[in-house]
Structure formats: C-alpha cells, structure tokens
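In what comes next, chain A is part of two complexes: it sits with chain B in the first one and with chain C in the second one.
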Partner chain A sequence: MRNYIIKRILLLIPIIFIVAVIAFFITNLMPGDPVRVILGNMATESEVARLEQTLGLDQPLIVRFFRWLANIMRGDFGDSLYLNAPVAEVLIKRLRPTFLIAILAEILGIAGGMLLGILAAVKHRKFLDQFSITLSLFGISIPSFWLALMLMYLFSVRLGWFPVSGYEPFAEAGFGTLRYIILPAVTLAFMQAGLIARMTRSAMLDTLKQDYIRTAKSKGLSTKSIVFKHALKNSMMPVITVIGHNFAVLLGGTWIVETIFVIPGTGFMAINAIMRRDIPVIQASIIFVAVIYIILNLFVDLSYAFLNPKIRYN
Partner chain B sequence: MLFLKRYKKYEHPYITASIIILIFLVFLSLFAPVLTDYSPVRNNARNRLQPPSREHLLGTDQFGRDIFTRILYGIRTSMQVGLAVVLLTVIFGGVVGVAAGYYSQIDRVVMRILDAMMAFPGIIIAISLAAIWGAGKLNIILALSFAYFPKMARIVRSSVISIKDLDYVDSARAAGAKDSRIIVKYILKNSASPIMVQATFNFALAILDEAALSFLGVGIMPPAPSLGAMVTDARTYMVVAPWMILAPGIMIVLAVLSLNLLGDGLRDLLDPHLKNTFQK
Partner chain C sequence: MRKEIKITSIVVLVLVFSLLLSGSVLAQEEDRYGGTLNAALQMSVAHLDSDNSTDSMITAMMNHVYEGLFEFDENLNLVPHLAESYQVGEDGLVYEVKLRENVMMHNGQTMDADDVVASFRRWLELNNGGQLVAPYFDQVEKIDQFNVRFTFEEAYAPFLNILASPVSNQKFVVRAEEVVEEFGSDVIDRHVGTGPYKYEEWVPDQKLTLTRFEDYTPSSREGSFFAGERIPYLDKIVFNFIPDAQVRVSGVQTGQFHFAEEVPRDQYQIFEMDQNIKNEIIYPDRMSMLIFNNAEPPFDNKYARRAIAYALDFEELGYAMIGDQQFWRLEPALHEDGNPWHVPDAGEGIYGVYDPEKAKELLDRAGYDGQPLVILSGQDNQMERQGAIAIQDQLEKIGIEVELQLFDRPTVVERRSREEGWHMHLSPFIKVVPDPQIHEGWTGTNKWISNWDSEDSRQMDQIFAEMLKEVDQEKRYEIVERMQAELWDSVPYFNILDYSRLHIRRTELKNFQAGWQPFFWNTYLE
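Take a look at the complex of A and B:
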C-alpha cells in the first residue's frame, strides 16, 4: 500500500506541471496590457518601459514562465493588480465562504442523491423509480444560474426567509452565516444530487442482481438489512468516483453562484479578476481549483486501492 | 443502421419523447422569422416591460422587445453553438483519441496532458478562454470545444484500445491493410456508439454552458439574442417584471433535458455493456 501511495503521488508531478503550463499560458494570452492598466492612459513610454522591467515583462515568455513557476512553488503568486495585496493572502482570506458552500452543497447532494438512488433501485420500475429518475434528470439539466435566481426570487424576494445576497463571516454572525449560504448551497446541491442519484441507482441495481443478495434474501433477511448492510457497501465505489469527478463541477459552480449571491469567496474573486484582467489572481484561482480536484481524486483512487487490494498489486 | 434496428426492436418511449421535443425546438429555431413579426433586436421604447398579453405572448423586456421573439432566436443561437461545439469536439477528440489509442508510443504523454486538462472544470476553462478571446459566438464555440474535447478524446482512446487488438483487426493487418484503412474502416466504425452518446451529452452541456457564459457577460454579446443573456436582463428587473425570467430558463431546461434523455436512451440502446439508466 505504501509503495502504491508513493507511486500515485509521484505521478501527480507531471500533471501539476501541465496544469501550471495551461494556467500560465491561458492567462498570458489575455488581451489588455497589465502595465497600461496599472499606470493608466497618461503614462509615458519610458514609465511603461521601466515598470515592464521591474515586473520582468520585458523578458521572453518562456523565461517568465519558469520564473513564475519557481515563485509559485514557494507559494508566491505575485501581487493582485487591484487589491494591493499578495494573491496567496487574498485567496486564503476568501477560502472560508467557498468551502462552506461547497461542503454544505456536497453534503446535501450526497444525502439527497443517495436517498433518491436507493429508493429508485429498491422500487425498480415502480412509481418512485420513475419519480426519482425524472427528478435527477432535472437536477442535471437545470442551469445553476437560473435555479439560483428562481430560489432567490421565491425564498428571498417573495417569502423573505433569507437575505437576497451578501455574506457575514462566522465570527460575526455565528450560525447566522448559514442564512447566506443555504440558497447557494442548495443550488449547487441540486446538480450533484442528480449525478449521484443516477450513479447510485445503477450501481445498486447491479449489486441487487448478485448471487449473494439472493442468498441473503433466501436466508430471510429483511429488505432493510439487505439494502443497507449488504448492497449499499458494495455499490459505493462507482458512487465515490462520481463524487470525486464532479467536485470540479461543484467548484466551477461556486464561481457562478457566488457571483449571483455576492458572496466574497474565491469564485466571486475569480470572476471579478477575469472581468478586470487581474492576471495573478486569475492564475491563482485556476490553479487552486485544479489542485483541489487533483488531490481529491488522489484520495478517491487511494480509497479504491484501500477497498480493493487487487488494484494495489497491478 | 444498428441504431434504427435496435430502436424498432425495443420500444423506447424516452427516445421518442426526446426526439419529438428536439424536432419541435429545431422547428422553432429554423422558422423563427416566420413564427413572429417582431425583430429580436430592435428597441421599442413605448412597450417597455409589458406583462404577457395577446400582442406579446410572453411580455416584453426593458427595451420593449418581444420576449417570445427573443426566445425563438435565442434557441436558434443555442442550437448553433451546441451543434458547432459537438462537431469540433468530435473532430478534435477523435483525432487525439485515435492517435493516443492506436499509437501507444505517444499514449502516455497525451494522456498526462489530457489528465491535467480535465482537472479544470469545463466552465472555468471556457470562461477564461472567452475572456481572452473576447465575447462572441465563434469564440465561445472554440472555448467550449477546447473545454470538452479531452473527455471525448479519452472515450475514443479507450474504445480504440479495446478494439485494436481484436482478431478481425489483426487479420486486416495481416492481409496488408494500411493504418489509415484500419483506423477508419475497422476501428472508428465500431467506436461510433460511445462517440455518439458522448456527443449528445456534450450538446446538452454546450447549451447549458453557452447560457452560463452569456449570463456572465462573456458569451453572446448583446443585443444578439441568447437565452443566458435574457436571464441576466431578467435578473435586473426581477421584482418589477418577474415574467422575464421564466421563459428563457424553461427553454434552456427543455433543450438540455431532452438531449440528456436522448443521451441516456442512446446509451441503453447502443451499448448493452454500459450502465443502463432506464432498462435493466
């Protein structure tokens, strides 16, 4: 197991390198000259040249890339062009709302999705099955920005249960923070629940056809104990994969819902940075999402190897 | 065709339903100019923010434009973007996937690059690229294709790998067939099912993401009609003109839902080995 873990971690190095390449070159092809943005229209040519030299922008792209890579290895993503602070610092400050939303959405999505999926598989071809298929299909087909606005209209504007937008940190509002993040989290949970329900259902249906389930049935075990004790555990692997792979979709979704609900998290920051061409912030945001996704999927793979020894020795 | 044969054999209400909805949507987008007398872009200041009425079935927006008309042209934009993205994704993904799957020398390198690309959520790559290249129909088509092709390439690759060492391919090789002939005639032809299924899901995703990009202001540029941008407008007037927000959203859901349904149905129909969604 230890060798397997080391091998998997070493495999991450080329992937993270390519992630850095993509993040750097995407952002450096952006139109708009950051030097002109900083200095404004009144700057003279010599001022522009001087700042370019200080920022190292007069060097060839490839030299800049390796210099930049060396810096981010040390956790230095440069300074934001607008927020007048190191990007890494700003990013860390904004992590909390994003994580709160993502974790709450994931919990709601897993709970709702697995419940729907199990119900559908147990009541195969009955009304509940059809109902859950339809619901999960809606989950993956509704655009999150529209769902967010509909929820906002219904629960904030009409019913007044939640604030329309904004955010108060946990330190100030305590559990009042939940009032701000519940609608964004529900929006994102809807799609996750749809994806998870579909996978849970088909994995459960596969498992329920196995011989050992028939044995358990003929032993006279109750449906409840067959489903939860015997079938569910063995249906978990594909479900865990879906959760791991779609965490990236979830994080991408925070970019949109944070923008709609004006929540000062990393997604809101990223969208603002894109609109303002704040390149260091964009780079850090893109890398942040990719690295989280990579680490999470490493854990998914490791849990596979943990659950199934066959994978370790391959 | 295999597809039609199987379709006749198993009656498949989901596929039928989704195809009917899709034909309806294609009809709306093709005949938009005939179905409405209004222009999707011309302002009419006297008719601002009218609620639904007999003249304006779904009301008007903040520039007095007929929402029903904008929806028809908006779905047209969605369909154009979706179709173009699907074509480009199949071409890029197909070429890269076949190259990686068939020529094992380059497989490792290509796979590492694809792995890294898939670490970025599609919507984030698309937003960043659309911001670089600027908003506009062509740019978001390219951005979305770039975001989706890695997954397609992986699917094509694994299909190619599973086929390329089968006996009938070996015998073609032994008979002296060139690589190009083997790839096109023996491998691609038999990889068509997973490609078709993925292409259908990509179509749905492209409509969803085009709307999201336009909503954020990096997609289709106003005044050109886009369902996503209509939701942006509606958001501003949510309290005074709530009718503006329903129709474009429902239209997106209808299109995406029917494509996802079609994708599920096709998967059940074409590939008995894959996880079935509806039939067991």
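Take a look at the complex of A and C:
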C-alpha cells in the first residue's frame, strides 16, 4: 500500500508537467492582448511597448516558457499582470471561500443525494421513486447560473434572508460567513445531489437483489438494518467514485457561482483573469484544478481498499 | 409707549421665529450626516493610481479622495477648485496659479505648492493627459508657498481643460509630495489627497472603502457637479464591484446597495413601478462610434466611407442597438447640445440622410469590388453586439456582403490594433469631452486604430495644430467648426448616435446628481 501511494505521488510529477506545458502554450496562444487590456482603450503604441517590456512579454515565447518553468519548479508562479501581486499569494488568499463553498455543497449534495437515492431504491417503482428520479433529473439538468439567479430572487430579493452578493471571511464574521455562502453552496449541491441520487439508487437496486440481502430478509432483519447496515455500505463504491470525481467538477462549478454571487474565491479570480488575459493567474488556476483533480482521484482509489478489503494495492 | 411695545414684540417674535427656523435648518443639516453608502459598480479596476492607467473608473472613484486644481461644473465650465485664481500670460505661454490656503490633506498637513509641483511632474511623465501636454511644456516652478507657475515652450490653449478632463483618466489631481517621492513612477497604493473622503481599504475585485475626512476643507464656491463645495455627509462610501447586471439590480431592490451603475435598460418600467427605486438616465454619456480601417480597401477611399453613412438608417439602428428612444438621440456633433464646443450644423447633408442609391453610387466611385466587409465588434456590450448585427443587416439589404466578427473585449482590442483583417469597428466613446483638442488623440494621421494616412488626415493634423495654439475662444470655435466639417467630409469615423446608460438608486439616497461619473459628496441617506 505504501509503495503504491509513493508510486502514485511520483506519477504526479510528469502529469503536472504535461498540464503545465499545455497551460502555458494555450494561454499564450489564445487571442487577446493583456497589455492593451491593462492600459485601457486609448493606450498608445509606445505605452504598449513600454509595458510589454516591463512585463517581459517582449521576449520570444520559448524563452518565456523555460523561464516560467524554472520559476514554477521553485513554486513561483510569477506576478499577476493585473493585480500587481504574486500569483501564489493571490491564489492562497482565494482558496478559503472556494473550499468553504465546495465542502458545504458537497455535504448538502451527499446528504440530499443519498437520501433521495436510498428512498428511490427502497420504494422502487413507487411514487417516491418517480419523484426522486424526477428531482435528481432537475438537479442535473438545471444550469447553475440560472438556478443561482432564481435562488437569489427567491431568498434574497423576495424573502430577504440572504445578501445578494459579497463575502465576509470567517475570521471577521464567524458563522455570519454562512449567510454569504449558503446560496452558492445550495446551487452547486443541486447538481451534485442529482448525480449522487441516481448513482445511489442504481447501486442500491443492484445490491438489494443480492443473495445475502435475501438471506438477511429471511432471517427477519428489519428493513432499516438491511438498508443501512448491509446494502448501503456495499453500494458505496460507485457512489464514492462519483463523489470524488465530482468534487473536482464542483470546484469548476464555483467559477460560475462565485462570479454571480461575487465571492472572492479562486473561481471568481480565474474568470476575471480570463476576461483580462491575466496569463500567470490563468496558468496557475489550470494547474491548481489539475492538482486537485489528481489528488482527489488518488483518494478515491485508496478509499476502495478501505471499503472493500478484497482490494489490495501491491 | 404702546406702539414701542408692539414693535418690540414683533421684533422679538421675528427673532424667535428666525432662531427656531435656523435651529430647525441646522438640525436638518445635522440629520443628514451619517450612514454608509453602498454603490455597485460594474467593473473593477487594476489599481487606484490614475496616472498609471487610462481607465476612467479610477478617476470616478478617486474623485472622492483627490481633487484637481480645476474642476468642471454641471455646464462644463471650468472652475478653480484647489486653485484660488489664475492668470494666463498674453502670449499663452505662462500660467500662474494661486492656490487656496489652509487646505488640509489626509496626512494632517496643509496642501502647498510643493505638493502641486511634485504631483504635476509625475502627471506630466506618466499620465495620458500629461503626455499630450509634455511636448509643448517647458517647466513647472514654485513661486512661493501658495503660487505655482507653469511655462510652455509653445502656446497650448487646452491646458486648463485637460487638467480637469474626465476623459480616459487624463485629470490632474494633487497628491501629497511625500507619496509622490515614495512611489515615483510605481503604482501608488498609499493615497493622500485633499478630497472629502479618505482611502480606507481596497480589496481587489471586491470593494473599495472610503471614510469621511473630518478635517476636509471645502471650496467656498457653490457646489455644482465636480466643482465648488463638497460636503461629506456620509460616514463611509463602499464601492462594490459586481460584474453581473442582474445582481446589481437585485442588490438595489433589497436595499443592500443604494446605487447601481449600468443596469439593463429594458427593466426601466419595472424600476419606475418600484417606490423604493429611482431611475437615473445619464446625458451626455456615450457615443456609438463607427470607426473605419482607413488603410484597408475599400475604406482607404473617402467615398466608400461616405457611402456607409448614406447606406445606414440611423433611426432604425437606434431602436436595434439601444431600444427605447428615451435612451438615445441622433447627434452628428462630437460635442452635445449645450457644450460650449457644440457645432449645430455638423454633418449637414450626410448625417441621417438615408439614401441607399447614393451609397451604391459612391461605392462604385470608390472602386469597391464587392469583397466581403468585416465588422469587428465586442460581444459583451449590448450596443456593440446589437449594433454590429443591425449594421450587417442594413448593408446586406443593399447588396454588400458583410462578415461579422464578434469577440470578447481582449480579442477585439488586439485585432483592431492590427492594420489588416477588419474594415469597420463599433466602439462606445465617452461623450463628455471638455475640450475639442482631446479628439486629437484619435483623430488625425495614424491616430489610435484608424490607420488614416492621406492628404485629408494631414489636413486634419493641421487643423488640430491651429486649434492648439489659438487662445481666443471665438477663433478657436471657428477652428472646431472646420474640424467638424472636415470630419464629415473625410469620415475616418463617425458618431451614429448618442446614447445613455441607465443607473438606479434607492429613494433614500438624497441630493444625488446624475453626473457623467457618479459622485456621492453632497448626497445623504434619509
């Protein structure tokens, strides 16, 4: 097991290298000139040339690439062209709201999704099953930007329960931070719950058909005990896979909700960076998402061994 | 005796009444103080140093922190602000400015000539406006603690107007000398000015917080827009950056924001019906400018450019690109009606004359070979997107093949800077241009993106050169008339129409004036 983990961690290096190469060239080859965006509409050619020189953008692409690669190996992602601050510093500052939203969304998604999935499986082909399937289909299909605006209209504009936008850090607002992140988290949780519900339902249905469930029933065990002690744990493998993979998707979803609710997280930062062609920030955002994705995959793989003792990583 | 008692009683009554009245006025005035104003602005800015950017939003916010030697009033008249008075030498080469005394700065010191000289040197070197002035400028010197002399090598008529110009962030503001020395040409992030509000906190992409400057020294002149008395009633002003228009609207509807910039015009009636919300239509605000690539055939020929003006139905374009007519008006002149530089007969015979037959005739005369014409425009802005589609539609109706290229802003900005690959570009321009010389920045030989290099462009350069030196207002106006006539003859670009953005505010925000840049001194919360 330990060797497997070390091997997987070592494999991170070539993967991140490939991601970094792609991130660098994609961002530098995309249309749009960051210098002209920074200088504004009426910038003169001499101003453009001066800023290009200051930012090192007048150098050939290949020179910039090796310089950038050498820097990121030292953990230096360069400076944001727009914010005049080191990218790593900007990224770290923005991590907290993003993770708060993503974790809250994940908790809500898992709770809601598994509840719906179990209900659907236990009440197979009954009203509750149909209801759960329909609801989960809505969760998957509704675009998050639309849902975000609808939730904002209902809970902020009509009911006045939450602010329409903004963010107060936990250090300043304490649990008041929840007021700002509940709507974004619920928006993301909808899709997550939809996926988890469908996966839980189908895995549970498979498990409930197994012989040992029939044996448990014939032994006279209660439905509660059968469902939660025997069926649920054995159905968790595909559900865990969905949860793990979708956490990375969920982090991607924060790009949209953070922009709508003006939450200063990594997603809002990345969207702004794309709009302004703040190349170092876009590159760091891509690498950040890739690293998170790889780490989550590793955790998902390792959790298989925990859930199913038959699996051995050697 | 009885008469005396009567008179005394009346006098006492009048005195008591006056005291009560003045007491109530004072109490009312006292009541206006306090509260935090939350404003929702559309775009964030990279930093708050106006000399290091052309983003006019920086000036719009930092107008509360910094002030100019001169400021414009509601009618675009130039008014001394931190300046007490000024004198211009007969030859137009020397400007002597007397500063107001005892004006407190946010660092607890009084503003003096050293602050003005240091700030001016930085402005001259870095600021877009300063760079317009620099080629003609000789030196700035301190005469004494409250008097400054600006000397030019050649006469430069628009000098004072450019000092106060809100266009593309050209305005000159007075900063504390110590800050100028500390930062040099680097981006300033410690802000010490003379304005009614002090810089408190800047969270990039999120908010800028300003607090009242208790020792603020207002001008004794009557307040009008940016000029005159500024009273900081509000304790704090928070500028929030909210990119999504609907979120800005929701924020005002819930009372989270007291003011929202640029909201969807099609929701005007909804806001009208809301008792808590007041619509604010800004005029003068924007022009929708159609710019030709004068280097690329067929638009290297002025007849082809004129043809497009005849081929377009401007009124129909107004409905297509803006919508409701209260938000737009046809206006051929670069300066709006009421502006001292307005030319009423600009574009006569060509502007708004919809004549497709004449357009075809002119295109033939220009030797147009039927190649597809590329319209390059932004997709994020309604005016640009809808306008480009409507222009394509109108041109195709008369048999001109059009290729539409709609991109996000950074891509548009990059592509239009190239000499080839596009023929027409639709762009919003700020309408409030306080001096006609400012148009020189984008009008003339190879100015801005026009790639205009011909006999006509050189003639335009000559007109601007004359305008620059002419200090007599009437003679200068005649030159502006010639500039407008030449512009509509050569047509390197033209204004399709003037249009306004819609801002909204809560009704509890009182005394708000719809200036061309939002400002919140003199406003208070009820």
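Just so it is clear, the second predicted complex is superposed on the first by the 272 of 314 C-alpha atoms of A that agree within 3 Å, B and C clash if a C-alpha of one lies under 4 Å from a C-alpha of the other, contacts with A are read in each partner's own complex, and residues count from 1 in each chain.
The rule we apply is simple: a residue touches a chain if its C-beta (ideal position, glycine included) is under 8 Å from a C-beta of that chain, and two chains touch if they have at least 3 such contacts.
The model shown is predicted, which means the values in this text are computed figures rather than measured ones.
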item: First, second, both or neither for A:Thr259, with chain B first and chain C second; value: both
item: Touching partner for A:Ser202 - first (chain B), second (chain C), both, neither; value: first
item: Contacts of A:Ile103 with chain B and chain C, given as first, second, both or neither; value: neither
item: Partner chain in contact with A:Val157 - chain B first, chain C second, else both or neither; value: both
item: Which of chain B and chain C A:Tyr293 touches, first, second, both or neither; value: first
item: Partner chain in contact with A:Leu149 - chain B first, chain C second, else both or neither; value: both
item: Touching partner for A:Ile282 - first (chain B), second (chain C), both, neither; value: first
item: Superposition-derived comparison: chain B or chain C, residues of chain A touched; value: B
item: Touched partner set for A:Ile38, first chain B, second chain C, both or neither; value: second
item: A:Val19 touches, of chain B and chain C: first, second, both or neither?; value: first
item: Chain A positions touched by chain B in one structure and by chain C in the second; value: 31, 149, 152-153, 157, 259-260, 275, 277
item: Of chain A, residues touching chain B in the complex; value: 14-19, 22, 26-27, 29-31, 124, 133, 137-138, 140-146, 149-150, 152-153, 157, 198-199, 201-203, 205-206, 238, 248-249, 251-253, 255-256, 259-260, 270-271, 274-275, 277, 282, 286, 289-291, 293-294
item: Interface residues, chain C side, partner chain A - complex; value: 44, 46-47, 53-55, 128, 131, 168-169, 187, 203-206, 240-244, 246-247, 250-251, 253-254, 256, 407-411, 413-415, 417, 427, 441-442, 448
item: Chain A-touching residues of chain B, taken from the complex the two chains share; value: 112-113, 115-117, 119-125, 127-129, 131-132, 134, 204, 208, 211-212, 215-218, 228, 231, 234-235, 238-239, 242, 245, 248-249, 252-253, 256-257, 260-261, 264, 275-278, 280
item: In the complex, chain A residues that touch chain C; value: 31-34, 36-44, 47-48, 82-85, 149, 152-153, 156-157, 160, 163-167, 259-262, 264, 268-269, 272, 275-277
